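Structure provided below as structure tokens; questions to follow.
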Amino acid sequence: MKYPKLPAMANRGVSRRGVLQGAAALGAAGLILPHGVTSARAQTRGGTFRIGLGHGSTTDSLDPGLWDNLYVQTFAAARHNQLIEVGADGQLVPEMATSWESADGVTWVFGIREGVTFHSGRTVTVDDVIASINHHRGEEATSAIKTLLSAISDVRADGQNLVITLEAANADLPYLMTDYHIPIMPATDGRIDPASTDGVGPYIVESYEPGVQASLTRNPNYWKENRAWFDRVEILSILDPAARLNALITGEVHLIDQVDPATIGMLEGRGVARILSIPANAHYVFPMDARAAPFSDNNVRLALKYALDRQAMVDTILGGHGAVSNDNPIGPANRYFFADMEQKGYDPDRARFHLREAGLESLDVTLKAADAAFSGAVDAASMFSENARAAGINITVDRVPNDGYWDNVWMKEPFVASYWGGRAVEDHMFTTAYATGADWNDSFWSNERFDELLLAARSEVNEDLRREMYHEMQQIVSFEGSVVIPMYNNFVMAVANGVGTPEQIGSNWNLDGFRCVERWWMA
Amino acid sequence: MGFAATVTLGLAGLFALAWVIRAGGRAVLTGQSRSLVNDMPLTAAFGLLVILIYAIVAIAAPVLAPFPEREIVGSQFQAWNAEHPLGTDRIGRDMLSRLIYGARNTVGIAFATTALAFVVGSILGLWAALTGGWLDQLLSRFVDALMAIPALIFSLLLLTIFGTSVLSLILVIAAVDATRVFRLARSVAQGIVVMDYIEAAKLRGEGAWFLIRREILPNAMAPLVAEFGLRFCFVFLSISSLSFLGLGIKPPTADWGSMVRDNATLITFGDVTPLLPAGCIALLTVAVNFVVDWQLHRASGLKEG
Amino acid sequence: MSGDILLKIEDLRIEGRSGDTWSEIVKGVDLTLHRGEVLGLIGESGAGKSTVGLAAMGYARDGCRITGGTIEFDGIDLRRTSEAQRRGLRGKRIAYVAQSAAASFNPAHRLIDQYAEGPVTHGVMGRDKAEEDAIELYRRMQLPDPEGIGFRYPHQVSGGQLQRAMTAMAMACRPDLIIFDEPTTALDVTTQIEVLAAIRDIVRQFDTAAIYITHDLAVVAQAADRIKVLLRGEEVEEAETRAMLAAPREDYTKSLWAVRSFARPERTDSPGAALVSVQGVSAAYGKVPVLEDVSFDLHPGRTMAVVGESGSGKSTTARVITGLLPPSAGTVLFEGSPLPPALKSRTRDQLRQVQMIYQMADTALNPKLRLRELIGRPAQMYLGLRGRALEARVRDLLALIELEPDTYIDRLPGELSGGQKQRIGIARALAAEPKLIICDEVTSALDQIVQEGILKLLTRLQDELGLSYMFITHDIATVRAIADDVVVMQKGRVVDKGPKAQIFAPPHEPYTELLLSSVPEMDPDWLTGLLERRAAQG
Amino acid sequence: MILTRVALGIGLLFVVSLVIFWATELLPGDLASQLLGQSATPETLAALREQLGLNDPAPVRYWNWLSGALTGDFGVSLATNRPIADLIGARLGNTVFLALYAAALSVPIALTLGILSALWRNSIFDRAANAGALGAISLPEFFVAYILVLWLAQTGLFPSMVRINPTTTMGERLYMTFLPALTLTLVVTAHMMRMTRAAIINLMASPYIEMARLKGLSPLRIVLRHALPNALAPIINVVALNLAYLITGVVVVEVVFVYPGLGQLMVDAVSNRDIAVVQAVALIFATAYVGLNLIADVLSTLSNPRLMHRR
């Protein structure tokens, strides 16, 4: 088992940075598509679907503002709907919002679906939606997305419509509304009850024991057709990887996440389950504090970037379920991904060369890692340090407790392991973590040219120019940036043969964008 | 399975070897050491042999190991083959070499820890028993309080606070063990301090330190040694339980406790690799305790444990 | 008396193990016992008398094995028969009475349960019958409250009574033969005779044959028809009791009561000023008072014997003088100046002046230290001797106590005999060059011949070094042998004190009388006579 | 005597709560930062801290907790706002159930093996039992668990994990928790067995055992009726010690078998800095430990006539 808290932490990465993600193929706002993109065939109702997740803690909260791990996220998706769903293909799909549009990008109008009832029987009103959003706003709000929603200056009702006014124009508000933190919950005099499990989602909560299990039964009045095929859903928290595997093998559960890459081969050998490996923009990183020596010298950073065997890491740490990254936070799934950029390989001599450029014969650095950063982080670090020694770089791996990793190590120590959930929109990725002085710029890197380009690109309308700008930015981050990004990791899950899955699986989140509970079925 | 057969065969071999050596000893040795060998049961001989082998391996690790401790020499989880007799681990380091270095690190750490725990625990325990009164009360109650906190969770707390460097690992486990040792030492000493020779020494006007060092300790040795045997082996277990909670020995240091942990998932698929480090621990435990039991028997069957 | 033969042992050979080497400890002993006959088996420790006694039950202790000879009990060869059959005999037809009843009764069960266990498991009688029977036997053994005593636990019953209860238990199945293994040795003189009498009577009443094992001729003389003397596993001689007492053939037999012949010459010189003066001392363990107003003087160069039964406060007096137990009242003067009551507050020199020798040399010597350190430590501490000087001193002391320095200086106590250990205790006391040595029952754990050696050594040292002894003992014979002055204590009080001659010459204090009269004498009729006399006095 | 012991125990609990509180204070980070994790920004942190009352100085918070606890109110879990009572209730039941289950398996086995190997000491049986026991305790718990799962669960004999809900019957419960119980049995049996053996062998040299032999009793009866009663005290103590362990020390097994017990709760609470829960569980553990030791002492007193029936 990982330290009980850890898997949750690993996923926090997603929880924060995944925001706004999900419109891979979508540029302009407001384009509406029919929902139910995943064509359902041969689907049958019935059965009890059991999920074993390497997440969940006895201290998990029901408060949407504090949802932070795959367990609560999946649990939430099973009982709640949001304004907008992200389809398996990445398209925005109307959910509680039937439509959304904005003339200027400042004032947004959402049509709210009528006649939908909560599990408790009440009909959903605009006020419920407003309360659900406001729960994350205002002084006393303690929500994880408080800062993200700070761009909203006003939320009000206009008949059956919801009107949201922003501080400044933002074409991406619809993505914001897909965030899992904002489920539609029943409101009483303008406030939602954070401790309530009442929602409009596909399943009704029967029992819930935090950190142990939740069982739900199908919502007979669910408004979507050909969704929510199972009669019952049970979500179990199984933190120990071996126990998870055993549960799947012995048929106790039908779906597990975080399959230990080392054992994937053997698991497939058993023939009881199949592996779903979904490429995504999520990536593992080793940020270096660019403010302080030795990392303040780009040659040192380059030396390190040439001193690791990325392919070996993908094979070993991810068991091949991922792709080599070129120190590029923008993933292949992104619109402006710079595919033709010169790929850095494992090249000790080149690394030595850069060391000498930096006026160094050898380099001694300490890399702090914990599996809290991402599962396999410590192994990855060990491999890094092994590779690097050939280049005269001595990396001392310091395995620190998972407990408190994000508070005491990340963005505190000069050289650490970390994880990013990736972004569908380049701008968001760069703004969150690479713009000078950004909240989560965990390498404290600053580059004038980069910042200029970032601003320009945001307002640039010419596709080609925009593409070039983003390519240049990726070039800069890759060769001057202060993060080593060895690989993009797939979402890897193992599914019992008895369960039917659509041929397209959502890549915006793990477990088919949390929606496996309503999209999958018993074959 | 073939593995089981190999193991049984190996153990049988060790026993045979032990028997031969003992026979040899009886033939060659004389006097004191002779009588020592004479009343040595086969189990004890076996134990000594195993410990000896471990010691050699630990000391000569760099010579014996085919590959460096931390070097990645191939793909992960290779099956047993000519180049890697025991295959490779999860990031492709040579299993055999890791095991050999593991002997060095694990045994070293375990020994340091246990030794520390015993120095502190037994001295305090003897002192408390000798002095009695409020000091005894104070120490005992405090130790009780510490023992009332589950060892694993307590060390977890401490390690989270002080970090998981080898040093703090040793200190923390030693601290937790020391409480157990204290209890034992105290109860043993209470049986000794009532002896006439202690009274005689007091009449002579000896100080507490002399009484502990020369009068009590030598007579409390037997049960302490026995406890030492067990505690020594429990250190491995503590370490592996801690690495189960992500607080074990830091990579790339090879230590059996963590190695069991790292490869444990493989057992799910009936792969024997994780059995190897576990087996090393088990074998040592049994060996050490065989010797301890024998020593106890010689020191007129004092209680074990 | 001499009915048909009950037990016939021929050429019995038994080996004992040390380490893993076996050595013969019983070397071909023959023994014949008729029904209803009592055979006294005497010898020193290591003579193999207990081993022979147990062999008569076909039993050998752990670490012993019967290697030769035949043991025929009532026609059954105990060496040939199955263990099961031997078990059938033990407790039923051959019973055993151990030396220390206190240790041989199972502390976890009530007396009567342990009594009934034998008869019931052997199917001799039912539980209820067994209980009635027990009460009957308890009565015959003159135990107080025979109905109730059986329902007590061993620790609730005094030693003398336990010894009788155990004899009763042995009688439970009305065996043909009982082995008495030093049944009275651990008892005070006054209780000893009661038990002795009880045993003798019950054996006669049931006409049971018995083997009575002891080291005390005088005791066995009272009970046995015949006496066999053993020495290192071999028979010395065997004879009818009276014959044996009247005319022992072998020198060894004669030497067995030599201690009675040894006596230090009477002192004529008048005592000097008191070395130690105990003045109105009272003391208590917690609430329990153990000493009340004890006063006496102890003179330089003389031996003062403190006599009394266990619990009379002898040893406590010693603890007060040494400072281990600060008195609740009264003072102890040393050479006229008061000693600080508590050990802690005494100076090194004060500590040095008073040394102590203990009864149990085994527990008084740290088993893990070599003689070099055991003896050397005091000299090192008090006299600051180091290195060569220290070694030389240790060697002198060893020579002084008649142990060859080169052989012994590096031995451990475990490698010494009981007598030698006691000598080391003496040497350790001498090493401090004290004025007073307190000897607490130093001889009572030793064989008589060894005792004599120790006593001679002590007197010699006294004459050479002008030491004073405070000699705590319950053994009147020893007192007669070496004391100059005597203090008689009972229940924490001094009941009688004065020069030896005066104490031992009538008229006596009543308690002194009781003590003196209780000392067994070499006369088979002594016990009978004594009992009659006491009965007469009522 | 018992009263003083109880008083001592309570004092001890107090010390424990202090130690635990002090330790959790030293832990880096606090509940707020744990809850928000990476999402934490200074202002949300501040707001949450205020809300959770983490801004009071440590002594104040300790006092608040203590005064609550003294009145039997252990407060609510800061993380989930659930009353600690019902957070712990079910889990305490589970933990105790598992402990008793394991004890019911291990104690008889341990005693039997111990007595037998004392009876036939230095026999093959004795040595084998001894070596086996040592082998068992020298394997990490989770490892024993995995092996059992491999043998007994993957073959479909027993479930590899425990899924109990209010509707599970006793029978199902016993069936489902068999593997965890068996694991724990393997872990604790060895110690108890060795102690039993040692305690009995220790007595076999005493005169009253020889006396029993000379009364012609069978070896078995001698061990059972004459040795065992006097060996009870140490045996009772070691059993109590292991019971305490079964209640307080089984977090690893809980994790492997997904068993909702207190250990898991405690570890979670620690890593979330949910001090109220940590304290409550720690106190339960300490109480179990103290209580069991107390019971052990009382029992061994009862088993000892010397202490029961004064002269």
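In order of appearance the chains are A, B, C and D, and numbering begins at 1 in each one.
The rule is simple: a contact is a pair of C-beta atoms (placed from the backbone, for glycine too) under 8 Å apart; a residue touches a chain by one contact, two chains touch by 3 or more.
Given the structure is predicted, the values throughout are model-derived calculations rather than measurements.
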Considering B-D alongside C-D, which chain pair is linked by more C-beta pairs in contact? B-D
Chain C to chain D: how many Å between their CA centres? 50
Report the inter-chain centroid distance for chain B and chain D in whole angstrom, where each centroid is the mean of the CA atoms. 23
Compute the distance, rounded to whole Å, between the mean C-alpha positions of chain B and chain C. 47
Cα centre of chain A to Cα centre of chain B, whole Å, reads 46
Listed in rising order, chain D residues that touch 2 or more other chains are 27-28, 142, 146, 149, 154, 205, 255, 267, 270
Find every residue in chain A that makes contact with two or more other chains and list them. 1, 3, 242, 246, 249, 402-404
By residue number and range, which residues of chain B touch two or more other chains? 160, 244-245, 264, 267-268
Which chains touch? The pairs are A-B, A-D, B-C, B-D, C-D
What part of chain B is in contact with chain D in the complex they form? 43, 141-142, 144-154, 156-158, 160-161, 230, 233-234, 236-237, 240-241, 244-245, 257, 260-261, 264, 267-268, 270, 274, 278, 281-282, 284-286, 289-290, 293, 301-305
Interfacial residue positions of chain B with respect to chain C in the complex: 35, 38-39, 195-197, 199-206, 214-215, 218-219, 221
Name, in rising order, each residue of chain D that touches chain B in their complex. 8, 11-13, 15-16, 19-20, 23-24, 26-28, 127, 130-131, 134-135, 137-143, 146-147, 149-150, 154, 191, 194-195, 198-199, 201-202, 205, 234, 238, 248-249, 251-252, 255, 263, 266-267, 270, 282, 285-286, 289-290
Which of the residues in chain C come into contact with chain B in the complex? 19-20, 322-324, 343, 346, 348, 351, 355-356, 358, 360, 363-369, 373, 377-378, 381, 428, 432
Okay, in this complex, where on chain C does chain D touch? 54, 57, 59, 61-62, 86-92, 95-96, 98, 100, 103-109, 117-118, 121-122, 152-153, 155-156
